[in-house]
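Okay, handing you the structure first.
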């Protein structure tokens, strides 16, 4: 799967995009967040306030209980501030 | 006093402006309308639907009970349709 | 600023002039009114050949300035502009322009709508539409009265 | 029509292109968002040296197109346009442009406000403000969430 990070999440994680094989037991967006947070400090810091983070799967806003599949594009970002 | 008429009131009356001496007994806008209506058919037709006509004295919207004085500019017109 | 004029105006240039230099402005809401080619005339939809705007010189400028002052009293505007044309216009031509600039968008949007609602019901303009069957004065729309009634604290209703 | 671009745009030319030829249009409401030179950064008002807009290419265009479709579903628009810039901008520069054209003004105004409210809360853009003490990401404003909540039938909220 392809993971994308934007704004201060990108800065904290230190990368804007990465490709990973879907880990065992990661079936939802929330599972993926748990897996990432366990990976290292940058991820832990990026997902610190998990309740404000927005997620998109294949460019559609989703909740953290949304399923993720092997070829999904999953994006995480802070609340948007465009306009 | 100076009288001004606009839009279809001007067309019905046949003039856009006239100067008159304030007639005896004409103390309010409503008195003035009564006096004009009695003058001829054009005025009668212009003031036919008196409830829709708007009046301005010295370029301020007023009600028909507003006083009129010798040197006032009094305007009558249909509901406005600008913008 | 208000302008009552026969000639056309340049929307882009007006917005640039209105905001130019003032970098406290984050939002500019504008409105342009145009002459439509079809309009309901005496209950039927008719092709409009031209529209002639008559106004009350002197009172027009006075009312526009009052309306603009009132908008500036109600909302924190950095700049505002009302341009209203008179004379004979063809379908597609610009009639009116309102622009409101503010730090934030809600003030800009609300003031712009407020000004349009008041222009429609308080500015002394009258539209005469020419069709192939002659000229017809545009009727005031009840919906415009409802629109202006939203701004409940009417500042300059008839005394 | 939607455009996501780095370069600036010409407001007057965009409005002319949007309405040109369609004489059913009586009303054009527009909004321009500009970079302000002062902004609250971490609780203090600071001078902004520049603003950098990051976005999510692909999803941005998708969301903007959805939002525009929704506006056209809700209001009888003859034409609509959203332009949103990305990249690094200076104070006074244009960020965003929304224009809605309709036969009558209420549809134009409402659709324009709707689009701005949705852009603020749904379009994947993030603003980084550079001040003399470094860069700070702009916080989402609670007032924007309230603004968008007005349009009660949220069409594309999170599933």
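Letters A, B, C and D mark the chains as written, and numbering starts fresh at 1 in each.
Here is the rule we go by: contacts are C-beta pairs under 8 Å (C-beta built on N, C-alpha and C of every residue); 3 or more make two chains touch, one makes a residue touch a chain.
All values derive from a computational prediction rather than experimental measurement.
Chemist: Just how far, in Å, is the C-alpha centre of subunit D from the one of subunit C?
Modeler: A distance of 24 Å separates the two centres.
Chemist: So how far apart, in whole Å, are subunit A and subunit B when each is placed at the average of its C-alpha atoms?
Modeler: Roughly 72 Å separates the two chain centres.
Chemist: What is the distance, in whole Å, between the centres of subunit A and subunit C, each centre taken as the mean of its C-alpha atoms?
Modeler: So the centroids are 49 Å from each other.
Chemist: Multi-chain contacts only, two chains or more: what residues does subunit B have there?
Modeler: 83
Chemist: Two or more other chains in contact with one residue: find those residues in subunit C.
Modeler: 33, 105, 116
Chemist: Once you've mapped the touching chain pairs, tell me: line, ring, star, complete or other?
Modeler: Drawn as a graph, the chains make an open path, so a line.
Chemist: Identify every two-chain combination in which the chains touch.
Modeler: Those chain pairs satisfying the definition are A-D, B-C, C-D.
Chemist: If we count contacts the way the header does, which residues on subunit B are in touch with subunit C in the complex?
Modeler: Against subunit C, the touching part of subunit B is residues 4, 6-8, 10, 54, 56, 59-63, 66, 75, 77-83.
Chemist: With touch defined as at the start, can you tell me which subunit D residues reach subunit C in the complex?
Modeler: Per the stated touch rule, the residues are 10-13, 15-16, 19, 23-38, 91-92, 103, 105-106, 108-109, 112-113, 116, 143, 147.
Chemist: Would you mind writing out the residues of subunit D in touch with subunit A in their complex?
Modeler: For this pair, the touching residues of subunit D are 33, 53-56, 58-59, 62-63, 84, 95-96, 116, 119-128, 137-141, 144, 156-159.
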